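Pasting the structures here.
Note that chain A is present in both complexes that follow, paired respectively with chain B and with chain C.
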Partner chain A sequence: MRDEVVASTDGCVKCTICEQACPVAAVTDLFPGPKYVGPQAERFRHGDSVDRSVEYCSGCGACSVVCPQGVAVAELNIRARAQIPRSRRETLRNLALGDTESVARLAGLVPGVANALLGNRAVRRVAQWLAGVHRLAPLPAFAPRRSVRSFWTKSPGEGVPVVYFPGCSTSWYEPWLGEMVVAVLERNGISAQIAAGRCCGLPAQSNGFFGLAARRVARIAKELGAPVAKGTPVLASSTSCALMLMSEAKDVLGIESDPVLRLAEATWDVSEFLLDLHRQGRLDQKGLSPISRRVYYHPPCQQRRHLSGRPALELLALIPGVEIIESTQYCCGIAGTYGLKAEKYEVAMEVGRGLFSEIADSSPEVVACDSETCRWQITHASGVPSVHPVELLYESYGLSGARRPLRQDAKRKSARR
Partner chain B sequence: MTQALSADVLVIGGGSTGVGVAWEATRRGLSVILAERSNLAGGTSGRFHGLLHSGGRYVVSDPRSASECAAENKALRSIAPQAIEDTGGLFVSLEGDDPAYAEGFPLACERAGVEAVAMSPAEARSAEPAVNPGIQAAFWVPDASVDVWRLLGILSAQAAEGGAKILEHHEVVSFEQEGQRVLGARLKDSATGETRWVSAQVVVNATGAWSGRVAAMAGCEVEILASRGVMVAFADRLSHLAINRCIRPSDGDIVVPIRTVSVIGTTDVAVADPDDTTVAPEEVAAMVAAADQLIPGAGSARTLRAWAGVRPLYRPPGGAGSGATRTVSRAHALVDHATQDGVEAFVTITGGKLTTLRLMAEEAVDLVVAKIGLPATPAFVEALEEKPARPAYFRLPDALAHRESVWGGDRDAVVCECEGVLRSDVVALVAAARGRIGIGDLRRSLRVGMGPCQGGFCSYRCAGLIAEAAQAAEAVTEDLVEFWKERFKGTATVSFGAQARQEILDRWLYASPLAPPGEPVALP
Partner chain C sequence: MNRRADAVVVGAGLAGSIAACRLAQAGAEVLLVAAGEGSMGLAPAWLDVLGRMSGPVSSPLAGMQSLPDSHPYARMGSGVVQEAVEFFSSLVSSLDYRGGLEDNMALPTSLGGRHLCAMAPPAMAAGNLDRAGSVAIVGIGAMRDFSACLVAQNLSAGGALSAQGVTVDFAGAGADLGNLDVARRIQEPKLRAQLGAEVLACIGGAERVGFPAVLGLGAHQEVVGDLERILGREVFEIATVPPSVPGLRLSSALAVLRRTLGVKEVIGARVTGFVPGPGGVGGLRVRAASRSQIYEADYFVIASGGVLGGGIEVGHQARSETILGLQIPEGPLGSLGVAVDNSLRPLGPSGDPVFQNVAFAGATVGGADPIGELSSQGICVATGYLAAEVVKAEVAKVARAK
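On to the complex of A and B.
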């Protein structure tokens, strides 16, 4: 039986459209380009991995999105990257970045200590030297235990039931976002049950730990098996979690078990879900009060791979008074954990340069972006605060209680060179 | 007429047999001239299926061939490992195939000396995940795949090093005879149209499917049943093991992974003219369907090219047989025309397989040595015992590893994207040939233009690099146009699905942005 992803390479006619779209190949010679490391190199792969240049693929997926022939370029590349033989040190670094849940569980016990360490220049220098994590890379700060607790103890309100899957970032770094999501849903008659704080497996996958990633997805599919069987939608506010649960578990990891396939069917990006409500006439549009703010909206590369258009943009347009500037740039460069790595930090910053200067030129008060790692990178590089689109809906509805700690942005800003 | 040449042996035909004979004769100290009317492997050898047979295919139908293949498989591996990929192979029987054949297979292999290891269907599936999951029985065999251009390149280079003269594009047009003795032959240089005369103590006719015609020029008789076989290459490897169907030899019973592609074959149709290599669309469809049975999904995989080769099946004089080509032995024949036709100093070596080229060469050269009256010299296998070669087979990822080693910045550039050929590779070859080289030669040596795009992008880059070295833009343009005519001949029957989209892009590039200067030349 032919593997589907490999079989998709049959479509490649060498048109080079993917090469033109690749944000990494555009800025560095270290990466030969998606066509080369994708459908072309794939024909030579058998047994031990011999090509390290695929390492510089950031996994943004631009190639797969633009390919007119349906070649699964990014999926091939993720798989090929996972086959590269690595040194012990590299493996450890990748595990630290890829097993986000374990790291967060540990550090989350003492968020203050962890943040102090990660915010310390000397420590970061040592970390770069020892662990290969770039000293300037935008690492998120762990949320205070108090706000984590406040999110987890939030009780679902009245209404149509959904499951909200918070993923690592909301569980340990941005719990206020989870509270806002739940509140906005509740405002629209949706009762969100908060799923256990789990990693979706995507960071593990993109760092080459397919086994760990598969176990993560399988566990989620099992835990959410009962509501999914009842037809309850599963919502994610993290674009990577949504992508993993919706498609990559099957397309990249090759998992075809029933629970995982059913979960894929049930999963929604939260903005897509809210827009769907709106289209059904069920979104409380009248309750949105004006916010006069200049917002720059950037759809992250991962979100584009949901293949659902730009739902957040349409939602933001419902908020009276908001002035929206739509990004014309593809990628901020961070691509999950790619831009955190010492050898790739500069490449990632270069990839995002177009975006950062566009942001600077349009001088917005805030950047809205669906993915947390992109928000961290954007704020790191541009100094402009960034929020998830739902945060603006929350504000517009006049909801209160959940609050983004102001210190965080300020701190990230100061980490810039 | 240019100057006359002379040698101990004149070998006619630059296929696997002729090159093998030239190599073996040089090794044994004879002076050799080889004349080939087109380029090396320009006949059947360049159009074969690519399999270094384990012998398993013939254990039931043709045990002598099977035993020879088994022995020669080993010999060729040590002679030219760089031309061989040690893929391994499977014999599998599918649901509905005669179970008795598979039951008798191990014993038949044992008798013929063919190595075969029985595997459970589950073991076979894990050894080759692409194979039809419904297999009933499976055997592992030491099949391998051969890059024929590389193989003949290695052997002819070694022969040339030993003093042999290899004349490509030289056709033997007549023989010089004195009474009942062949003195030599007249060759026509296809480039200049000039003829030259070669005298030799013995002439070896190694012209495969054409050996009947060539023998007739010397007034001798060799009956060749020309049997055409069609093959279809897929754009990618569908399996990494060769997969043989464990049934009596029949149409479409082997898929061979060779280099970056998989090739399904073949058919067996008697043809009158050995130059008849036409391929019918129905044959392509039948091959693709046969591949789909061995490898589910192959039926919708992208096809790259279809071509046909003509087997030289030898029928001994007065030989029996209805003429059904499948039943004619695949074994080779050595004809001493002195005893058969009363013509001295003339020998024909034909039939056989590419796999058995060494054995064929050994037997032919033994006869040549005896005719010249030299003391017998040891043949290659005996020499081998003393100096075992360490096999360094080529591997699929080699080209990728080669490209990776120079990647980064502008140290080098990729010329052929599909096959991973670098500018430095092309430049080196063009320089070695002092600019006297065509895109077709680059294709055979480096595989440029053999990948999915079939030269759609690299042919122009190669033309540019040749022109840079040779500074003869017009000739290069002409060569480019010839290359394209040839390429489209091979894709005519496979232009459907993904390959059709590729071809539309290729034709547009050729017709518009990259159009060669001058009047547009229509492509087939």
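On to the complex of A and C.
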């Protein structure tokens, strides 16, 4: 079968537009740029690894977005990165970061202990030395079991059915966000059935474990097969999960099975779905009460690859009283698990520097951003609390019950020092 | 899933940006969709309007009078071209373009040739070759694609000018530096001070100093200012091969303008076709990550970049426009484009408009030979502007009817 991703290299006219857009090459000589390691080096690879220069690609996808010739630059580079031979220690570290679901299932049993360990400076120093996870990197805190339970036991209300796919972050770190999403949907006559807590496979893919990633996606596609066959939309509040289900499973992992392709068609980013409701005149706009707050909105790099514009921004603009400052920066640097790694932490912080200083200059009360890892990075680097855009809708609707624990932010801030 | 706007603009290049900004300024709700970024970062930021016909053109405005009727400039009239260029200058006033349509200026190319253009940013315009005196051309050792000696040799051979080429090291340089690498590093005040000192030591009495166009991105003015202070004379920039740093400055300035004027945009998504509607086109089919969406509007501007930008596909036998599937008349590769009427509507084989609510702009418009005539940016600006004017009038008509 013709591989569209590899075939797309023929479209490259060496115009350098991707080089101009790459946020990593802009800040470090360690990465020679997407064209060089992508369409150019691909001609020599034949599926093998020829050198390590692609290692510093963060997978943010800016290159694929800006390429006018339709070259799948990022997809090529993510695949090539997975082929780099690794030491055993590196493999173990990458597995710990890539198999988020297993790690979360284990640590989620004893969240208090896990958080105490991860918040401990000495432990983090050892972890950096032993496991290559940077001691300052913004690791999220596991949610208390009580709030996890409260999310999972929510029963779907009346309304038009959808499936809500929570992914790892909502399942184990931010269950209150899941509650808010479900409540906001319900408020608009949508009844969300919560899918099982699964990893979408993206962290495994970006850490080079394509087999594991493919199994993760296939399992989700199987579990959601019945509702998807009935035409039920699948919504994700994590932009990376949505991207994985929408396109990366096919374009990076190369999965072309029917269930996965059908799931791709059914998947929506939650903001895109809500905005679509609004366009159809079905969103309760009158119910949005004023919040007077200065909000800085940053669309994550993964969200841009949904190729749907900035739906969250348009939703936030519906909330009366909110003053929105729109980000002009491309990337916060974290790129999922990239910025957690000891050798890449500084690069990631440098990539995000423009964003962090723009945030500091515009002194918002809160940053809204659709991706959890970006939110953790942004709060870590800027000290400003960050929320998912739906959290602001939830507040504006005057809904209550779910609450983001304040100490989460405080904890992340202290880790920075 | 459908999206709706007053007007949908396809393409994020110079033509699409001008059309989108003009429409948004007029209060229209504009949705801009593009498969990728436009090609501004590949072209020097100078504004070619008309530089060559049978020979060099000294005045674009005068030259325009003798273009064939089917040429876009002739269709719209030189008055509209002039309005468009004025609109462009005021839109990107932060870049402070110099020159005008009365007289072309001759600027040095990266090989030391003479390029005729109507307008250019100040640092490029300062390289005007018709000014007398001696110049020093500075090369940076680690930049492979710019040879100061070659530029100087060719400029001197041209006659009027005495040019001397020098090549210096750039502090903090690796073995191999691209244009962007230098442009980013030179924004560091210490590094450019060092560079300035090195250059000062070897340029003798030259009255002006030309650098490859890598003098900073966001901090361009500071970089030029510092170098002029250190060198005690005027500094200018010489166009390079891509990536073009001045082109990127223009591209970012327009991106900021699109955003601040409220243009909604989706970059990275390809338009794969259209659905018919009242004026001919009802909506454009746009490929998102996993689903296609229809972008509906009353009016559409297609600024899809011609053969190079992806707007026209050239096969062995036939040539077609990629969005509406229009057939493109045979011709030399550099002049392939959609035949349009005076309102930039596409014409069918019979010579009548086949879509009433579509205006074409930029390199996809036929009737010109932008590379041969040196008219590329002028055509983008003029057709982008005119497309917006046409759409503005139509949107107003629709609004009145409602």
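Criterion: the second predicted complex is superposed on the first by the 413 of 417 C-alpha atoms of A that agree within 3 Å, B and C clash if a C-alpha of one lies under 4 Å from a C-alpha of the other, contacts with A are read in each partner's own complex, and residues count from 1 in each chain.
In this text, a contact is a pair of C-beta atoms (placed from the backbone, for glycine too) under 8 Å apart; a residue touches a chain by one contact, two chains touch by 3 or more.
For clarity, every value in this text was computed on a predicted model and none was experimentally measured.
Figure out whether A:Ala264 sits in contact with chain B (first) or chain C (second), or with both, or with neither.
Only chain C is touched by A:Ala264; chain B is not.
I'd like to know which partner A:Asp29 touches here: chain B for first, chain C for second, both or neither.
A:Asp29 contacts both chain B and chain C.
By the touch definition at the top of the document, which applies to A:Leu283: first (chain B), second (chain C), both, or neither?
So A:Leu283 meets neither chain B nor chain C here.
Scan A:Asp51 for contacts with chain B and chain C and give back first, second, both or neither.
First partner only, chain B.
Taking the superposition as given, does A:Gln40 touch the first partner, chain B, the second, chain C, both, or neither?
A:Gln40 contacts chain B only, not chain C.
Classify the contacts of A:Val163 with the two partner chains as first (chain B alone), second (chain C alone), both, or neither.
Neither: A:Val163 stays clear of chain B and chain C.
In the overlaid three-chain picture, which partner chain does A:Cys12 touch, first (chain B) or second (chain C), both, or neither?
In the superposed model, A:Cys12 contacts chain B only, not chain C.
Enumerate the residues of chain A that count as touching chain B in its complex and touching chain C in the other.
13, 15, 29, 69
Which of the residues in chain A end up touching chain B in this complex?
Per the touch definition, chain A meets chain B at residues 1-2, 6-7, 9-15, 29-30, 32, 35-36, 40-48, 50-53, 69.
Which chain B residues qualify as touching chain A in the complex?
129-130, 133, 235-238, 240, 260, 295-298, 300-302, 395-401, 403-404, 407-410, 414, 417-418, 420, 451-453, 456-457, 497-498, 501-502, 505
For the complex, give me every residue of chain C touching chain A.
Touch residues, chain C against chain A: 1-4, 31, 34-39, 41-42, 174, 178, 180, 184, 242-243, 248, 256, 259, 264-270, 286-291, 293, 305, 308-310.
In their shared complex, at which residues does chain A touch chain C?
13, 15-17, 19-21, 25-26, 29, 33, 64-70, 243, 245-247, 264-265, 267, 276, 279, 304-310, 314, 326, 328
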